[in-house]
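Some structures are shown below for you to check.
One chain, chain A, links the two complexes that follow: it is found with chain B in the first and with chain C in the second.
And then the complex of A and B:
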């Protein structure tokens, strides 16, 4: 098992247009860290820098006590699983699995042994003579994972490996990947934009936005205490309600909404998760329902009152009509406060 | 209706070939006089073929020379042009686009423009009347169009394949040879067929550089049939039919791959 350290990674392709800015990250030996962020936030670029496919403009990549920043990809002892699998289409599954081992000039017997072991652990024994075009999406992804584990690398890199699969298969493979990581305990960096993957796979998640780290922490900690307004809006499904307003004398105002306990004066952003908003009465005054999405297991309601817009997550059995008015309650301990300008989390007094 | 049109167009293009075959089977001296009906009435003169091959003189040698030139040219062309195309498509280096434009610009020069300087160069090197002047330009990547075709083919491959191979510890040569080249097989077939046709049918370069009878190629031997006032058209057509038969065979055998290569070149960038 190896440690992975990124120190001050900076990448820009043009002046004043940085893709990554000052990324520092330490991954403990055997840890699985998920990098999550919206498209274009630089997460895949960061992974490619670790793999050695892209050179950083500044900063260093360390694997164990070895700086590998100037090492070629093949010399870093990392393995990567790509979003589109990147299997060699003209080679059989067995040859795909053996390719990195042949490059390492391992003896034939050793190669056969390791290919067989990888195939066994991923349930690929019956597919070894097939070409990638004869495999399903899930099978192809298993082969791609097999090609990575057969090398027994120091670091695994996953670049959105499940995003080309349908929802059901994605769930199954997510569980398999988690199990595989538990079994192999290889240091892993996993990139995704899927929150479910981020929350369930990683022991820590790194939220990236516009090339900067927004927050690093355990998934539930990030969910419970988002460090910035961006993280609050990005982590969680449905996303957190973010209501812009102004605080005066400790009271937060947004249209007809008034809440005591504001941690600062001036422009603020109030955050509250849809599932934490409680309906206390229906009819009369309050938030007017604008849209209802019945998902069966839950009902999502969009409501507004003046400038304040709120999304509520109610039980699946609740029936709400558009135009209906709802009086709501938000427990004080469920409120999140963010600076109006900085977007940084503010702790309530 | 569509099939009828296609049939008509196909027949139009096949007409010269059919004419060649028809004349090659006519009685000596009647090739351009009698119509195809005479063949049905009097029968075909297959002895023209034996006479034509006899008149060419040293047919095995002619075939061997032409085959040698063709095979070496194809091998050289495939290797050099695919390497250059790979570099232009997959390797990052300063001035890549400008250099590629320069390579493409050489396509604007007709071969005749460089014929005399090239001849003087090969004479200075003492290589006239050897196969070197015919082989070297192809082996040294003297076909910008093929470089262009290979570049397009390599561009159509997902970059992740090379990246995966790089992470898997493959050298750049191995990525080219083991990963990318096998995936552009249709383009290899296309360039191979085009080079085969160009070299097999080449008359101009052998005429310039090959002087001694032992070095003659099939096209030079075919030209020998043309004798001013006394050309044996039937024999010339029979010899021509024999000479172009391998071309037709190669084309039909590689047709699917060949068309696949053309499609690849047209599909990206």
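And then the complex of A and C:
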């Protein structure tokens, strides 16, 4: 098991347009860290820098006590699973699995042994003679993972490996990957834009936005205490309500909404998770329902009152009509406060 | 009033236009194919004389056309006549006259001469007119220029070496002895740089040696060759000795080399010949040495050959009587004949012109101008056979084996020439007995093919579309019909015609109705045709070498240039440039580069790799064309670049992470993904390689020997030089079948080695 350290990683292709800025990250031996962020946030670039496919403009990549920044990809002892699987289309599954071992000039018998073992652990035994074009998406994904594990690398890199699969299969494979990691306990960096994967797979998640780390932490910590307004909006589904307003004398105002307990004066952003908003009464005054999405297990409601807009996540059995007025209540301990300019989390007094 | 006048002006213009159109409709245009306009001195005069002719003959306009001077000049007229271009008068070579006459492609001018009170045949050299008569004595044209073959001599060189100038009646032995005396390595680099003679090597120039030895090319009947007889072998042995055993003769004076500055022009050989009067034109710029002409050295008897260009009236002429008038008044007139002689391109056939001061031009070499007339008594034309050009080409290849490369023994060459000529003459005899192809067969075949195509469409089109789809189908049909017309008119139609033709014998100079049925003879003849075998081997060798090499080079260049940078796009453009140049220009350029003293040999010499004789040595000529093919890899490189840009970059990244080095990535990842592109480039390259034509046509004319007579060149020569359209069609079909089989085999094999991209996995 190896540790992985990224120290001051910076990457830019043109002056004043950095793709990554000052990324520092330490991944403990055997840990699975998920890098999550929206498209274009630089997460794949970061993964490719770790793999050695891209050279950083500044900063270092360390695996164990070895700086590998200037090493070629093949010399870093990392394995990567690509979004499109990157299986060699002209090779059979067996040859795809054996390719990294042949490059390493392992004896034939060892290669056969390790290919068989990988195939067994991933349930690929019956597919060894097939070409990638004869496989389903899930099978291709397994082969791609197999090609990574067969090398027994120090670090695993996953670049959105499940994003080409349908929702059901994605769920299944997510579980399989989690199980695989538990079994192999190889240090892993996993890139995804899917927060469900991030929340379920990683022991820690790194939220990236516009090339900067927004927050690093255990998934539930990040969910419960988002460090920035961006993280608050990004992590959680449906996303957190972010209401912009002004605090005066400890009272936050947004349209008819007035909430006591604001941690600072001036422009602020109030964050409330939809599931933490409680309906106190129906009819009368309050938020007017503008849209209702009944999902069966829950009902999402969009409501507004003057400039204040709110999304509520109610129980599946709740029936709400458009136009209906709802009086709501938000527990004080469920409020998140962010600076109006900086977007950084403010702790309530 | 002014406004009214203005308003009327357009009508005036229209009326004038209509009147001019009516006038031009009545104007008779005389299309005259004359010599190269590069001979500006005669071209200008011809223009003036034509204007005078137009003034004398009201309503006539003379349209002077140029025959050009490059390779294939002789074939151009045939192509025009085969295409029914209405030429009224044209220049042809005397060796072709019999072919034209045999195809009934010329107007018998005898009635015109008989009705011409001013015509006096005694004003012309009898040897010239005799060659223009048929067996009945009918005259078919008039000479433009002619020349007997003589020997040019560098007097300054002989004098400087203290060698006595030879007398006019000199022998092979004297000639041989002087050659030995002159030959030397003057700069001591181990290579002979001064020779006795620059020996000309085309058949007309070689025939005199055979005649002097007492031999003949054919027997009197013209039906049996006499190549295999001792005098022919003796003559060939003599020349082989000069060229190869003793090395006292240089072989730079090939037919193709005539336009270039040879060793004689550079003062490095004592003699140059046998060659004609036209060299006076080339040598007029020589100031460095004094030169003269001599009759050819004699052996058992004195003999020389005559070359002649003549003007004839083709059967397609719209105005034969005017053509005759132009022939007599302008082309056969004293001013034009004199000018042609004065330029030095040939001697005028008109005696008065030939002896005029302007032609003799005293004070300008050669001092022994009269030699040209003195040798006429011993001068002869090559045999007048309809297919002499074919026999000439059959023998030329063998002669080059003896003389140019020197690797064929004279006896062997003589035997092979006899064999080839006799086989061909035998074929000619059988040809005469063939039945005519019934009229309408050709039209029926084309109609059948058309019916078949339409039937195929009707049976394969599927169920008729619903009402809503019909309009769409009609629109599609309208768009496709443009292509269909082109396909039927320019591809299927001609293909069917050639298929029928391949079972027939037909000269393109004859009407399509005049066709003889030959059964499978054209195909069986291919089986036994040595030239075809050589051609097939040369073409296959060329394809085998050029296709993989060009593929490899194009791929290597594409890999090098796939990065996007201003430098790589500049280099890409430079690499692609040759692909958009005309093959003729490329050929001309490479002719210079591949010269003995050209850039390529200079570079090879720098690394001590010797100086191959690219275009003269049979074993180097195919590699020379392969080298040229390598230079034109631009298109293939572009296709590879397109293929490379379409590759999935993550595969290469995956391979890098998997620890594959550059070579393993190329072999195991890039190359397999490029196999569809390799297959495409391979098949198109193979087809292009088997169709190579322009380069050998311009650069080597199939030589030396038959070593660069690639299939399409042989096909072209058969069709338009030897007028064997049926045989050419058979070659075309064999080539088509060969390419179809090879392409099919490649496609079949591709299942094993071509990897098409797997089902796309969206990124």
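The criterion applied here is as follows: the second predicted complex is superposed on the first by the 349 of 349 C-alpha atoms of A that agree within 3 Å, B and C clash if a C-alpha of one lies under 4 Å from a C-alpha of the other, contacts with A are read in each partner's own complex, and residues count from 1 in each chain.
One rule holds in what follows: contacts are C-beta pairs under 8 Å (C-beta built on N, C-alpha and C of every residue); 3 or more make two chains touch, one makes a residue touch a chain.
Keep in mind that this is a model prediction, so the values were computed, not measured.
Asks: Following the overlay on chain A, give me a clash-or-fit verdict for chain B and chain C.
Replies: clash
Asks: Who touches more of chain A, chain B or chain C?
Replies: After superposition, C is the partner touching more of chain A.
Asks: May I ask you to decide whether A:53 touches chain B, chain C, both, or neither, giving the answer as first, second, both or neither?
Replies: In the superposition, A:53 contacts both chain B and chain C.
Asks: Examine A:211 and indicate which partner it touches, taking first as chain B and second as chain C; both and neither are also allowed.
Replies: After superposing on A, A:211 lies clear of both chain B and chain C.
Asks: Just checking: does A:137 make contact with chain B only, chain C only, both, or neither of them? Give me first, second, both or neither.
Replies: Once the two structures are laid over each other on A, A:137 reaches chain C alone.
Asks: Touching A:104, do we find chain B (first), chain C (second), both, or neither?
Replies: A:104: touches chain B and chain C.
Asks: Is A:164 in contact with chain B, with chain C, with both, or with neither (first, second, both, neither)?
Replies: The second partner, chain C, only.
Asks: Pick one for A:86: touches chain B only (first), chain C only (second), both, or neither.
Replies: both
Asks: Enumerate the residues of chain A that count as touching chain B in its complex and touching chain C in the other.
Replies: Correct list for chain A: 48, 51-53, 72-75, 78-80, 82-84, 86, 88-90, 99-100, 103-104, 147, 151.
Asks: Help me check something: in the complex, which residues belonging to chain A touch chain B?
Replies: These residues of chain A touch chain B: 48, 51-53, 72-75, 78-80, 82-84, 86, 88-90, 99-100, 103-104, 147, 151.
Asks: Taking the complex as given, what residues does chain A use to touch chain C?
Replies: Touch list, chain A to chain C: 48, 51-53, 72-75, 78-80, 82-91, 99-100, 103-104, 131-133, 137, 140, 147, 151, 164.
Asks: What residues of chain B sit close enough to touch chain A in their complex?
Replies: These residues of chain B touch chain A: 158, 160-161, 163-170, 174, 179, 182-183.
Asks: If we count contacts the way the header does, which residues on chain C are in touch with chain A in the complex?
Replies: Those in contact with chain A are residues 648, 650-651, 653-661, 664, 668-669, 672-673, 675, 755, 757-759, 761-763.
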